[in-house]
């Protein structure tokens, strides 16, 4: 088998990917930034070189682009392009947001989907990475135009998703309104009220709060792993957290679970310091 | 509704497509060449402008790209990219070849798929246009490597094809051997021996001869349409056909059916002339 | 087993059906008119009484009613009811028209579906009887409103139909335009370009002429059966046909096939008489 | 958009529904009783008028009627009619009982299904409303006749149900025996041992106790909502509960959870009063 | 690769199969009789040895055994075993009869399925080989018992068959009655009236005459192949056919097509000789 | 109905099974050993005799045998036989291991599957009994050969399994490596990352620890049932447990839950005695 050095291996993988995806600058930049950090991992795990792990990591499992025709309020047909890049499902079902914005193209979606693999892995929940969306611009559209676009988008997307295959969520341009229209059409076509197939639904008709903790937990897990590398631990350490939204609250919660002492939190109007460690429940009430 | 001139409409459609697919030079060239010829059609059918027919024509209904991992004879994992562009099914199920060649990329497949729409429409059979393939190079590979690649390729492709959805065929790098491996895996996974899901199979295990006449017939139908425009007809006219393969033979057959008189045929070693009209059956025997 | 007389059996079946469907006057009238004619059949086949054939004949195999919400041109939600009564498939896949008209209700659809069983059986093609539609009124609606209604209607109907299950066709209020919108949505959702799932499509995008002969053939087959009962035959007999549309033409064709001599045809402006038997090909050209 | 008063809007909706379902007296009565109570809701939420919420609420999403042939113990074919009205799934998968009783018809099933929407909504669990059954009378039938009827009923029903689509349960005439036969045939056909597709199964082969609390919880949630309207709360209040079955026990449990003091319970032989609040665990043991 | 002699290769394959299926004497005998005749084939095609064709030929692609519970007329549960051996589908969908007889076991079904591969191949139609059935004995059972058995049998079998996967037919104990019950239940469960999924249905409800010519044609094709081996041909030769049933008639037809002269036919009461060649149409009328 | 004695009934059932499966000695021995212990059960429940429960228990619901072709490292085709015996799902989805070993044949798999019914039932979790595997020998094969075998095996098996149908696990010759290859191919074909479809996966990519307690719990539940028979109970009793692996630890845990006092545990190097009852958490740390 191969006896390449990690550096040479990474170079070869990056070069092959750059050749195959030469017209996707956003993706290529994200990919090479990640690859460059992996030298220590490959030094520790030379079997990853033999197993061609990186070649498989940089190539999405499945990329789907589709035509989305819809009627505007003047009954004129408009045409957009829809995307779903199911990048990697080694750890679990694909999961990642949908973005509706004129800047969306395949390179952008691949770049975001590639990063989603690592974001999701850091949560230590069993979820893979994906991203999707459209170059449709919801800005300035009527509710009914957005609805008709979303229904047409889902007429195609429904084939590729379900709770154990791929779980889209919201992102820029896709809020509770859009998720509602998307889920409604999914339910209409499949007949299934799968509570988990789309996340971000308004709570009144079945939205789940599951996984809102993902980013906050992920941040702390990442720090824990970093400390472990040098023989250290979060346990007993004091931690400075900035912010007081979902990310900060769940970071504080996880720090506490791991025996750390979160001593600060902040918002736009000030900050709090508690040397004994901030009480999450108390923080939530504020 | 809109009152654009055909020229302005075509310009707008081409500009929007160029913006959306700016990194696909092969496709953009094929598209603009076709669009430029459509001015007379739009003059005759201004309702095509109102109905936004061209916007829909230049955007594929579905583009699927997928990872194809396979083991080479040294048990090393190799990774290629697979493609299937289902461009337009307004007239019937998608149909178009699979190309296995290092030059394959999304722009090339879209270009070929776009042209396939028109080629298939000219046959007057009810078939839509599609194209697919991979940047895999069968050249220099062992039979078993090709087999393992084809099986892995079909592990993904099988979801998107069946007799009434999409019917792939061979093309460069995809001959009877490859179609055989692909069909074998299709049958293994789906359990179905669909005789029509792949064309180009060797005759010994179910290959059909259907549609080998497509190109020859299409050529003559096209000429017939051209003549009709100027009030003329193939009937009674003498036609010069060059070549003597499948295309030529079926062109001669169709010319005869339409009342024309095919007076020549040729191959690399000479030609024949028969002022009474060439007898197809006779030609076949030669 | 039972030893009921045919009359008593028919009375019991009709009474039970009247009780079960007491609020469906159109259906009950059609049913009792048919049942009353069946006494001779049951006298000849007393085993039909033992096998409870009539109880099964008067109860549809499946009746589906569904909500059809759609947006009018003012973006206001409208709600209609859709119907599909799959009455009997003993002889083949269900087949029968879709009617869009304000007078449509379950009783009307059942009445039409019940009659369709016999109409279809008389063609001697292997097709069962069905009927469907909606109380939607296409009259006075814009093309886009009709399109949105048809798409919503098909979002539900697609589950229940395919070439070997149920084959809807047009009827009052459902012409080539509606069939086109319905088929488009069927293809969008299922991905399948099933040429046979809907009949009545405009020819330009796949409409088939198959079965246009059904009513004309059926009429003559019926007459043939009647004559056979009394030991007579169509062969050698002269037949008077009125009309000159599809029904008349195919009746004349079938009469000729069976050895009869069709001597008349007519339209709103006159009639023709040919004692030698009318030539169908000639008639078609007129 | 519309500026109707709530009263006028409700009147129009009721009139349209009465026209569409004029032969369903039980359903129409239930509908108009509910609609009349909704004036305050519409005054608070005029957007419900614009959004045509009530038109959609009074029309079932899907109504399925089907023929159920079965053999009695004399090997004579009997025919019944089966029903499933999937009324509304806005909040979650359809859920509602199956009733086997000679009085069952479409009007009765629609009336029960309509009420089920609200009963299920009050539980605050995410479940929609449905109802089904047959005019089959299990009374006086042998076990094997009931089994054969249930198997034939499920041969059709299985298409429309699964854990995330529609979850039938027992009702009049459908107890553990019938649910057992129904589930057995569901498993036979689908191959799936979905523990949640039918509720009410005997515990020995997989019956779940989930949702037995629904009615009791719903009652208290309803009272809570009523009190909230007038600025009051269950917390701290004493509550009189009559009965001591499942409904009463779970009502007492929920009252306690909300801080109320359930002071009575009763059964056919007497009652208990405990001014300190009844202990549910104690009550269960009695 | 291997350089075994045909004899050694056949010996090894037979030994391995005998080891794997040591308790199946009927199958082993059929297999070894066939293998022994293949020496000349392997001498001509040594690549069949390298490709391990025989190892694959002697092992069925799929063998399914299943429990068939049913109620007898005393409402007592009876249990039988059902079988379907899908032996080889290299040439086309599986096809082969169902046998209901107490002697049925896995060895017998494999033996029959193995022979069916070759019988079907000889017809030169694209069909693979299969066989199935049950140790159920229809002899002495009431119609209703047979019906309940057949319905239970199909409750399992329906998963494994359709027109392009596997097409069962009748055999011993499975006539038009049984095929009717089987097809009825297939249609009930799948909702599809697939005219081709079962052959041998009574003509009145959709039975096809297709393939009744298989055995007669196969016999002549086999003789033709034999003659070709020695440089001879059927053309111009006189042929003696015994019998006058379907096999004989289609043999005579095929002989005529190939230019041979069928000079005899016979039945239990005599024979005919026509030195000019028997006219099939004439024979049919007799 | 029947009035057989339990002994006579068991004799008849065993004789019929022996006749039907006469060439399966391993299965027959396991079956008769179990049946002989059931006399007291049948004395208590004579309705089991009338309901023909044992006839159904000894016949597997479904037995699937399939050809598994694969390429060895010399690119030579090898052929093995795969098995899945889905023995009984009365209590829940099928569950049971896969064994890859040259000794595997149908009799062995049936014997193991039969015992699995009872093992699984004793856990009181809702799971049925199954077993499967192949006569493939992973011993001496390269990783890639094992991978190719596993992928080919799953190309067939995937049809028969999912979380609510059948849940295979490891057994002899099927460890984390094989489960990984099997799950990878399952996910590739179905697109679903069903965390529960295969148990025994390595934890890093989604392996669940669920049900590792099954055997230990089952053992204690069995003892509890035995004691109940004689009016005794585990509560308050001292129990001697030998071993200190998963089985022992969960047995100790369950004993404690039921109020018993586990006083011993052991491993190959010694034992511990604690008259107060062993603390499971303490034991785990050791």
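A few comments on the model shown:
All chains are identified by letter, namely A, B, C, D, E and F, in their written order; residue positions are counted from 1 within each chain.
The working rule: a residue touches a chain if its C-beta (ideal position, glycine included) is under 8 Å from a C-beta of that chain, and two chains touch if they have at least 3 such contacts.
A quick note: this is a predicted structure, and the numbers were derived from the prediction, not measured.
The minimum number of touch steps separating chain D from chain E is 1. Shared contact partners of chain B and chain C comprise A, E.
Interface comparison, A-F versus C-D: the pair with the greater number of contacting C-beta pairs is C-D. Equivalent interface to D-E within the set E-F, B-F or B-C: B-F (over half of contact pairs identical by residue number). Under half of the residue numbers at the interface between copies chain B and chain E are found on both sides, making the touching surfaces mostly different.
Distance between chain D and chain F, defined via averaged C-alpha coordinates, is recorded as 39 Å. A straight line joining the Cα centres of chain A and chain C is 53 Å long. Shared interface positions of chain B, defined as residues touching 2 or more other chains, are 156, 191. Which chains touch which is summed up as A-B, A-C, A-D, A-F, B-C, B-E, B-F, C-D, C-E, D-E, D-F, E-F.
Against chain D, the residues of chain F that register as touching in their complex are 89-93, 126, 128, 162, 164-165. Those residues of chain B whose C-beta lies close enough to touch chain F in the complex are 71, 73, 75, 142, 144, 148, 155-156, 159, 188-189, 191.
Residue ranges of chain E in contact with chain C, taken from their complex: 187, 191-195, 205-206. In the complex of the two chains, the chain C residues touching chain D come out as 1-2, 20, 23-24, 51-52, 55-56, 59-67, 69, 74, 76-79, 81, 105, 135, 156.
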